[in-house]
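You will see two complexes here that share subunit A, one where it goes with subunit B and one where it goes with subunit C.
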Partner chain A sequence: MIDLTLLGQLLPVFGTAALRTVALVAAGLAGGLALGFLMHLLRETRVAALAWIYWAYTAIWRGVPFLIHLFIVYFGLPAVGISMDPFVAAAVTLSVYGGAYFAEIFRACWQTIPRGQIEAARCMGLTRRQVFLRIECPQALRASVPLIVNQTILLMKESALASVITYPELTMTAGKVVSEQFVYIEPYLLLALSYWALSLLINRLGRLLARRVAL
Partner chain B sequence: MNADTFADRLAAYLPVLLHGAGMTLIVAALAIVAGFALGAALLGLSLHRQGRGPLARAVALYVSFFRGTPLLVQLLMLFYLPSAFGVDLPPLLVAVLAMSLNSGAFQSEILRAGLAAVPKGQIEAAAIFGLSPQQVFRYVQLPQVARAVWPALVSEAIDVVKNSSIVSVIAVAELARGGRQIVAANFRPLEVYLTVGATYLLMTGAIFALGAWLGKRMGQGRRASAAVMNRIAINKT
Partner chain C sequence: MNTPQPVPMLSLRGVGKSFDGHPVLAGVDLDVMQGEVVTLIGPSGSGKTTLLRCMNFLEAYDQGQVQVRGALLGYRRGPSGQLLPESDRVVAEVRAPLAMVFQQFNLWPHMTALANVMAPLTLAKGMRPDRARKVAADALDRVGMAAKADSLPANLSGGQQQRVGIARALAVGPEAMLLDEPTSALDPELVDEVLEVIKSLSREGMTMVMVTHEMSFAAEVSDRIVFMEKGRVVTIGTPDQIIRRPEHPRVQAFLQPWIRRSLGDTARRDAIAAGASQ
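== the complex of A and B ==
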C-alpha cells in the first residue's frame, strides 16, 4: 500500500522543507522571545501607559487566530506600503504572535518569586535594577524554560499555516507533491511524521536544557 | 461593495461576517462538546489497569500525535486520505471531526491533570468512611476536578474557536472564509481582515468573560486550577 521507492524519492524533498520549517520557527522564536521580554519589561516599569500597551498587545494578539494575523500582515499591510516576502511575513507574524505568549510566560514566572525576597534585597541596599538582574532574572528565567519549550512546539505547529501564504515549508511541500503527482498516502504520512518528530525533538532538547539550567 | 465610507462598506460586510461567525461558533461548539466526550473517554481508557496496559499506551500515542502535529495537517489528512480510497466526506463533517479529534487529545490531558490535583489522602479517607468507588468519584473527586479544570477548559475553548479559522482551508464557510470571500470581491484586504480579527476578538473575549464569571460562581479553587494549568502547560506533546 505504501510505495517505498516514492517514499525514498520524497525524503530529500521533505528534508529541505523541514529545514525551512525549522528556520521559520527559529526566527519566530528569537523574535518572539525578544519582543515578549521587551513587553514584560514595559509592564515591570509600573508606568500605567506602558502597562496598558502590554495589556492591549497580549489581549489582542492572543485573542485572534494566527491565520488572521498572517492575512493582515501578508495581504493587508501592502495596502499601506509594507510588502514582505512570504518568509519574512510569516517570521514577523510568528514573532509578534509568539511574543504575546512569551510575555505572559515571563509575567507568570516573575509572579512566582516571593515578594519577601525582593523586599529583603531592597533593604540590603540593592537598587531596583540589581534586584531585577540578580534576584529576579536568575530564578524567573529558569522557571520559564519548560513553558518556553512548550510554546515553541505550539509555534512550530502554527508555522504550518505559512503554507497558506505560499512559503514552501513542510505543509506546502506536501500539498505540492499531492497536486503534482496525485499521490496522497506517502506525502501525508511523511508530513505528519516530520512534524511529530520535530515536536518530540523540541521536547527532548527542552528537557535537556531545563535540566542544565536547573539549580 | 464599492460604497464610499468605511461605515457603508462595514454594513455590506456585516451579513457575510455574521453568517461566518455563526458557523465558527457552531463548528467550535460541536468540537468542544465532542472533544470533551472523547477526552473523558480517552482518560477512562488510559486509567484501565492502573494506566499500565496496552490501552494506556495506545491513548498516550494518540495524545502525543494529535498534540504533536498541526491541526492543519490533521485536517488535510482527514480530508484527502479518504478521497484517495474513493470516499468523499463533506468538508463540514471533516472539519468538525478533525477539530474534535484534536481537542479530545488536549481535553483528556486537562482532565488527567484535574484528577491528579485531588489529594490521594481524601480518596483513601472517603473509602475508609465506607463510600463506594462511585460515591467517591461523584461526591469527592468530581466537584473538585470540575473546579480545578474549569480555567483550563475555558482556555481550550478559546483555542478551539481560534483554531476553527484553519478549516477555512477546506472551504467551510466560517468567519475566516467569509473574510477571504469579501476580499476576493473588493480587494480591500487590510480593513476586511482587521474587521474579521475584531470579530474573532469579540468572540474569544466573550468566552473568556463568560468563563471567568461562571468560574467565580463555581467558587474556583485557585491553587488547584493553577496546578492544572502548570501541568498541562509543561506536559504538552
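== the complex of A and C ==
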C-alpha cells in the first residue's frame, strides 16, 4: 500500500529538491541557448575554420551520452587542474550539451527561410547584418520556440543524472530517502510526479512565449 | 563631330554563366536604353531568368561583363586588367539603380505590406521612418494597395502580394526594373491586376527588363523582344517582328501553340458575337 502520511512528510523535501533541479535546468538552458546561438553565428560567418568548430562541437557533444560528458567534466577535468563543485559541473555540462542541440535547432530554423527572401533583401541593398537581424532572426527565432521548449524538457530529464555526481536535486533526494528509510514506492512516485509537473510547467511557459511572439 | 552616345542603362557583353560546368548562358550581348521595355522570351531552360539575375548580380556571371549605367557590376579590374570579385558594398552601390520583382513575390512574411515597402528605405537608403512611411504609402497607393497597407502577406492574394512586391521595388526610386515572370505564380484571374500595374509603369516611361510567358502582354508593352534559346540570343526585334509576324522559323515554332490558342480565342469570340447578333 502507498503510505499517504509518508508522502505528506516527503513533500517539503522534494519541494526543495525540485527547486535545485529548476536552478540546474535554468542555468543549463541559459548557458545552452547562449552557446548554441554563438555557435550558430560562427557557422553563419561562412568562414571555413569557424564553421569547422561548429561541426566538431555539435558532432562530439551530440554523439556522446550526457552521463559520459558529466563523468569527464566532474571526475576527469580535476586531472588537468579544473575542479568544480557538483552544481557548477552539472550546469556547465548541461549548458555545453544543450548548446549543441540548440545550435542545430537554430541551424534548422534558419534553413526554413526561403532563399528568395534573402535575395530580395540583398538586391534591395540590405547588408548581410541587416538581413540577419531584420529578415532572418524575427522569423527563425519564432520558429525555434517550440523546438527549444521540447529540447528544454529533454534537458530537464537529463538533469536527473546530476545525482551521480552528488548534486542533491530530485533524483538524488529520492535515492537518499530510499536508502535511509527502505521505502520505495512513495519517493519514486513523488519523483516521477515532480518531473512530470516540471515538464508541464515548461510546456505551459513555452506556449505562453509562443503566443507572445506569434505574428 | 560625333554626337556623344548615351550610356545604356544596362550593357551586357559576352555574358556567360555555367552551373557545375554546364553552360546556361553562352555569350549574351544586349543593351537596354533608358525608357526602354525589353522582354525576354524563349523556351524553358533557355537562360532568360539566369540572364535577368546576372543583370543585378543575383547570379555571378563568369564570362563577359555587365555594366549598369557604365559601371562594371560584380567585379573590379585587377592590376593586369583581369576581373576580381568586388566587395558586397560596391556591388550594392552599382546595382542600386535597379529594382527587382520576383516570380514568388519574396515578400518578408513577418512584416506588413507597408513595413515590407518601408524596410529598404530605412535600412538601405537610411531614410527617416516618418519620411519612409510616406514614400511607402505613396508606392502602395500607386499599385492600388493603400487599403491593405497593414495586412501581413499571408492575408493577401497572390496578385495583391505581387503588387506589394512591385510597390517595394518602386519605392526605392529605381532607374530600371527587372521583372522575373511576375505573373507566372498567379491564378489566371489575378494576372490582369498585376499586368495593369506594369502597363502603367511602362506608360510612365520606366525602363524595364522582363521575363514573361504572357505573349499578348509582351507584344503590347515591349519596345523590343529578345528571343533566347540554349543560353544564346537567337533574335531581337520589335513586337511586330518577333511576336505578331514572326519571320524566324525557330520563333514561329515556339509561338505556334500560342498563335493557335489565340486564333481559337478569336474564332470563339467571333462565334459568340455572331450568335449574339442573330
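Following the convention adopted for this analysis, the second predicted complex is superposed on the first by the 215 of 215 C-alpha atoms of A that agree within 3 Å, B and C clash if a C-alpha of one lies under 4 Å from a C-alpha of the other, contacts with A are read in each partner's own complex, and residues count from 1 in each chain.
One rule holds in what follows: a contact is a pair of C-beta atoms (placed from the backbone, for glycine too) under 8 Å apart; a residue touches a chain by one contact, two chains touch by 3 or more.
Values in this document were obtained by computation on a predicted structure and should not be read as measured data.
Peer 1: Put subunit B and subunit C onto subunit A via the superposition and say whether they clash or fit.
Peer 2: Superposition result for subunit B and subunit C: fit.
Peer 1: Does subunit B (first) or subunit C (second) touch A:Y195, or do both, or does neither?
Peer 2: Touch status of A:Y195: first partner only.
Peer 1: Report for A:T171: first if it touches subunit B alone, second if subunit C alone, otherwise both or neither.
Peer 2: The first partner, subunit B, only.
Peer 1: In the superposed model, which partner reaches more residues of subunit A, subunit B or subunit C?
Peer 2: B
Peer 1: Consider the C-alpha centres of subunit B and subunit C from the C-alpha centre of subunit A, and write down the angle between them to the nearest 10 degrees.
Peer 2: 90
Peer 1: Using the touch definition from the top, say if A:A214 reaches subunit B (first), subunit C (second), both or neither.
Peer 2: neither
Peer 1: Let me test your reading of the model: by the given contact rule, A:T127 touches which partner, first (subunit B), second (subunit C), both or neither?
Peer 2: second
Peer 1: Which holds for A:F66: it touches subunit B only (first), subunit C only (second), both, or neither?
Peer 2: first
Peer 1: Once the shared chain is lined up, is A:A48 touching subunit B (first), subunit C (second), both, or neither of them?
Peer 2: neither
Peer 1: Between subunit B and subunit C, whom does A:I2 touch in the aligned arrangement: first, second, both, or neither?
Peer 2: Neither partner.
Peer 1: Can you give the closest approach of subunit B to subunit C, taken over C-alpha atoms and in whole Å, for the superposition?
Peer 2: Here the least C-alpha separation of subunit B and subunit C stands at 20 Å.
Peer 1: Considering each complex separately, which residues of subunit A are in contact with subunit B in the first and with subunit C in the second?
Peer 2: Looking at subunit A, the two contact sets are disjoint.
Peer 1: In the complex, go through subunit A and note every residue touching subunit B.
Peer 2: Contacts found on subunit A: 59-60, 63-69, 71-72, 75-80, 146-147, 150, 153-154, 157-161, 163-164, 171, 174-175, 178, 184-185, 188, 191-192, 195-196, 199-200, 202-203.
Peer 1: Taking the complex as given, what residues does subunit C use to touch subunit A?
Peer 2: Where subunit C meets subunit A, its residues are 56, 58, 88-89, 92, 95-96, 98-100, 102, 104, 106-110, 119-120, 123-125, 152, 154, 168-169, 172.
Peer 1: Report the residues of subunit B in contact with subunit A in the complex, numbered from low to high.
Peer 2: Touch residues, subunit B against subunit A: 64-65, 67-74, 76-77, 80-81, 83-84, 158, 162-166, 168-169, 176, 179-180, 183, 188-191, 193-194, 196-197, 200-201, 204-205, 208, 233-234, 236-237.
Peer 1: Can you list the residues on subunit A that touch subunit C in the complex?
Peer 2: 114, 116-117, 119-128, 130, 134-135, 138-139, 142, 215
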